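Next come two complexes, and both contain chain A; in the first it sits with chain B, in the second with chain C.
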Partner chain A sequence: MEGIKLMNKKITNRINVFLFLLPALVLFLVILIIPIGLSGYYSLQEWNGIGAMKFVGIENYKKVFSDSVGLGPAIRNSIILAILSTFVQLPVSLGLALLLGKGIKGERIFLSVFFMPVLISTVVIGQLWLKIYYPEQGMLSVLLSGFKIGGKSIEDGIVSWINNMNAKLPIPKPPYKNVPWLGNQYTALACCFIPILWQYVGYHMLLLYAGVKSVPPELREAAKIDGATDGQINKYIVIPQIKPIIKICVIFAVTGSLKSFDLIYVLVAKPKVADVPSTVMYNEMFSANNYGTGSAIAVMLIVLCFVFAMIISAIFKKED
Partner chain B sequence: MKMKKFASVLLAGAMVATMAGCTSDDTTTTTTTDTNTNTTTTTTDTNTTTTDGEKTNLTMWCIATESDSNRHSYEAAIADVTAAHPEINFTWEAFENESYKTKIKAAVAADEMPDIFFTWSCAFLGDFVDAGRVYCLDDAYAKVKDELPESMMGNSTYNGKHYGVPLTMNIVGLFANMDLLKSVGYDDIPGTYEDFIACCDALKAADIIPFGCAGKETWCVTEYLESVIEKSVGYEALNDIFLARASWANDDVAAAVDTFQSLVVNGYFDPNGDGLSNDEIKANFMAGKYAFYMNGTWNCADFAANEEFFPKVKVGEFPVINADKATLGQLIGGPSDTLAVAASSPNAAVAADFTFELGRLICKYGYLDGCGLPAWAVNYDDSEVNGLTKTVAAITAKANGYVLFGDTAMAADDADAYLKEVAMVYGCEVDGKTFVEDLAAAIR
Partner chain C sequence: MDTNESINKISTVGKIVIYVVLGIWTIVNLFPIYWMFTFSLKGNDEIFGDNMMGLPRHWLWKNYASAMGTGNMPLYFLNSTIVAVATIAIVLIAALMATFAITRLVWKGREMMNRFFMLGLTIPIHSSLLPVFLILKKLKMLNSYQSLFIPYAAFSLAMGILICSGFMGDIPKDLDEAATIDGCGTWKTFFLIIVPLMKPAVSTVGIYTFLQCWNELMFANTFISTGKYRTLPVGIQALSGQHTTDWGPIGAALVIATFPTLLVYIFLSKRIQDSFIAGAVKG
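Up next is the complex of A and B:
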């Protein structure tokens, strides 16, 4: 009798667990799994988004790497962004988090200021940076033309470099007098990456700051009593303690780089000079009406993000 | 435990009900963000058409946002037509141009279109017609045939059936800042290509940039390129290529592309334009930075509205480059802005008549505002139309051939390939020969 009661209780518990998980499961299926499955299905079709579909097998996957679609250079650009995010953005975020986590004067204000770009709409940030990058009268041009090295302004140096590169084109382009920062292939990519890196420094900083704050103060105090400097405390106590958060930040930074879209789209409109996989996907789907090819890129993006997340996890596991 | 079970069932039920509610298509609340003006408007409408007593509900989507130069013509036309039809309950929403292209395609794919929708003619509307999503307007058109010439219906006619109501029509105009031209000794826009080039050289020598063009928006480059090709090979040859009746593999077109590229290489274009949008280029032109600006004649309204700039600006036609094949009067443009009716509309016949009436009024107010030329017959006083638009009307009155804007005339994937090649020509990455070879291979 007692055994049956116990079994009934177990079954009831399992039903309860299932029912509690059901809403999340339904959402997960409807919002994530089914769309991914549909993207996989569309990626095997030739479809303009409206008319009848035609099964083409893996043709779309072959097509995405052709010159006409150009996913290869777009992935290369994303990987550059991922590297910059990991080795420039995250160290800056970590530095700020360690500094603020130590408990400096005005900690809350600095925290809010650094986090503010994350809260601002990307379109607004894009408009702001468009003004900064405006050729001739933009803030960047004015600033760089004011700094001189060897009698030549930094902007003039960049203009000369771009003109030299353009002179090597099959049909030499007329020389620039100012740098059209977002309109040429040599500077557009970097100009898109700078605001992306700037915007999300605060995001990673906040995650890492939370980690830094969770390190027991006794550990710091004990290290201080033993004569450790701030640098040594950070290196040997704080950073090892927040490794799981650093891992999450690296995964976010890398997958975020692979998925980046909005700011690049706002800054360079038709982003031929700074293509990333998402802009190529958008163009294929909504400009060229090639939903099959666009879906193939979407599937590849999902796979890439998954693979990178696994690799990062494996690296951190090995380190542990 | 029972309470826990009850709570979990309740939560799960609420979640499922919420999700089921999301899929309901009876009533939707739509939020539109107009990125041009950074304003957000929220409207609630019924996405399906219902008959409410004696009133018939009709909905419309268009691109006449607050910042759009056509906004006033839409508002005025809608005020008139709704006043004349109290039996119709009319709701409309405007969306930003680029996002609208995506929105309407998604709506067509899901067969959840409004009763009336704005569209571009030729290939854009053609895809929707092919999918059977657009209501045939032949019966409604028969009632207004006297006011709307058949020639204006051509771009929205498929297999002999009419599917669109044209609004205004526009062409590519060569706008000139006459103050700058006068400063180098020209009292008028040069009439021959040789004079035109001599004028550009004189401007360049005087440190004035001849052309402004937004390299960031490839369609702006096509305004120049297509004019050069048309005035080199003739409108029939270009039309055949755009409408896929002839191959891009054409030596004359390759030579014309080289002619265009020589304008770039000779430094007639503002190099800073590579990184600027069309709005910025237009502002620079109005500020006196460039002597010429080739763009759609819809700009007449904005130029006329600027009291300081209006007296300086003149509009003309791009000169003929090869007189053996092209003549003056061969123009880029035509009626493209169109209203169409969804085949799924329960009141499609009513919507069709309403659309023609609305289209006629939008055309009227658009023309009076200077936003374009009338696709419909002008049977009202147009003496107040601005001088620039009147000049454009005079140019079109002498027109002997039109080629619709390439990216509108071609199917989406062809247009995409075309725009990519145009960007490469402007960026000096490929020459005319490679341009035609690449397009001949990409567009079959």
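Up next is the complex of A and C:
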């Protein structure tokens, strides 16, 4: 009798576990796990979504690096973004976090203001910057036309630089009258990176600030009594303590750069001007209907993100 | 005494430098938002003319009328709200249940299961884009609310479980045991004891999920092609395509899309920040 009761209890327990997990498992399998498998499968096929699939092996993985698809330059661009993110954006965030974390008047207000851009939709931010970068009449052009060095405005200087570069191309392009900020390959990428870097400073700052705040105040006090300056306290006490969070921020900055899509999609309509892997993938899938090559890029993106996350973790471990 | 004074002197100069730096950064952060509000009320003559950055001379509320009318912003707003509410509801139900199974029920493999769900934190949405698009196409579910809220829920789930685990771990296990002794079954314990105690987790997960789906572009742009189900990001893109020369209404649309988030942020800034910290630091 007791045995059967215990068994029944065990079975109900198992059924309960299953039922409690069911909604999450179904969502997870159908939307995340199975699609990864499908992406891997599509990436080995030549397929336009309508006709029959044709197995081509790893052909798509070679094809994506051809000039017509152009994944190579796109990956290079996103690595530049990752480097800028890690070595420009993160130090700014860390500096702000250390300043605010020290405990100054108005700390919370500054924190809230600096975090605000993170909450605004990337599309909204993209549209705003689209107006800022508008050729000739946009804010950037108007500002740069006003600044004159040696009788020539900065805007004019940039125009002649772009025209010089274009004239040297194998097929020269007609000269511009004013800078098409987002429409030429020399300035578009930088113009996209500025809002991306600007928007997420607040995000990293918030995480690092939380870390700075979690450093026990006694440690700070003790160092102060021993005569340490603020800089020394930050260098020898605070930063080593928040290393795990710095690691997370670096991982987010690098994988986020590899995955970035929204802002560049909104800002740059033309392909090949400021490509990143996601925009190349999107074009392959939904403009060119090359589902195979598009999926190959998707798979490579996942792998790249995992590999970079692991490399960064390893670097931080080695440092300890 | 001497050293103290010199420290104080340095810190007054230092303080001024600190506030100047923080002040400049405040302007860098607020200016685009200020500019958005002002150009939403201007006509082209002022936006392109001599009054690019100042307050509007003529307050053109008709920009808002046009964003609301021909711009269809109320519809996009409603769509975004429906999708966000449905996503949050699904994430909360699924995450609370799964967390309960992982942290409170005793069974082999719960650690493994947790690690499995945490994979979701690192999987980018890119890998699902095409397969989910094709699945939805096959099921004739493109251009519907569920084509967005189901994928959104799936991608917010890992963070939901992560946040819920943190909060559920704080609830003493004695409570479950007492409930069991009082004759509560597993389900009763979950609904009557655990869920009511998870209110802080509910708001944290809700806020996080809201921001994820309110601003999402890639899925929404792909899965929705008819105007009827457009969410705000896609709607703004469409609007910007129509009004290439007339910027005022676009500005108004941007304000309409941003305003609710900023308004909520003013009242719940600490809570919103905490939800981001909880998500990242524990991951």
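In this text, the second predicted complex is superposed on the first by the 284 of 320 C-alpha atoms of A that agree within 3 Å, B and C clash if a C-alpha of one lies under 4 Å from a C-alpha of the other, contacts with A are read in each partner's own complex, and residues count from 1 in each chain.
The rule is short, and it goes like this: a residue touches a chain if its C-beta (ideal position, glycine included) is under 8 Å from a C-beta of that chain, and two chains touch if they have at least 3 such contacts.
These figures come from a predicted structure and were not determined experimentally.
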Partner chain(s) touched by A:286 [first = chain B, second = chain C, both, neither]: both
Touched partner set for A:49, first chain B, second chain C, both or neither: both
Touching partner for A:111 - first (chain B), second (chain C), both, neither: second
First (chain B), second (chain C), both or neither touched by A:128: second
Partner chain in contact with A:184 - chain B first, chain C second, else both or neither: first
Touching partner for A:83 - first (chain B), second (chain C), both, neither: neither
First, second, both or neither for A:314, with chain B first and chain C second: neither
First (chain B), second (chain C), both or neither touched by A:170: first
Partner chain(s) touched by A:20 [first = chain B, second = chain C, both, neither]: both
Residue contacts on chain A - larger count, chain B or chain C: C
Footprint overlap on chain A, where chain B in one structure and chain C in the other make contact: 12, 16, 20, 22-23, 27, 30, 49, 123-124, 286
In the complex, chain A residues that touch chain C: 12-14, 16-17, 20-25, 27-28, 30-32, 34-36, 38-39, 42, 49, 96, 99-100, 104, 106, 108, 110-125, 127-131, 137, 139, 142, 198, 202-203, 206-207, 210-211, 230, 245, 248, 252, 255, 259, 261-262, 265-266, 278, 281-282, 285-286, 291, 294-295, 298-299, 301-302, 305-306, 309
Touch list for chain C against partner chain A, complex: 14-15, 18, 21-22, 25-26, 28-30, 32-33, 35-36, 39, 47-48, 52-53, 90, 93-95, 97-98, 100-102, 105-107, 113, 116-117, 119-120, 122-124, 126-132, 134-135, 150-151, 153-155, 157, 161, 186-187, 190, 211, 214-215, 217-218, 221-222, 232-233, 236-237, 240, 247, 250, 254, 257-258, 261-262, 265, 269-270, 272-273, 276-277, 280-281, 283
Residue ranges of chain B in contact with chain A within the complex: 1, 4-5, 8-9, 11-12, 15-16, 19, 35, 38, 101-102, 105-106, 108-109, 127-128, 130-131, 133, 215-218, 261, 264-267, 269, 271-277, 280, 411-413, 415-417, 419-420, 423, 427-431, 442
For the chain A and chain B complex, residues of the former touching the latter: 12, 15-16, 19-20, 22-23, 26-27, 30, 48-51, 68, 123-124, 133-136, 166, 169-178, 180-185, 188, 268-270, 272, 283, 286-290
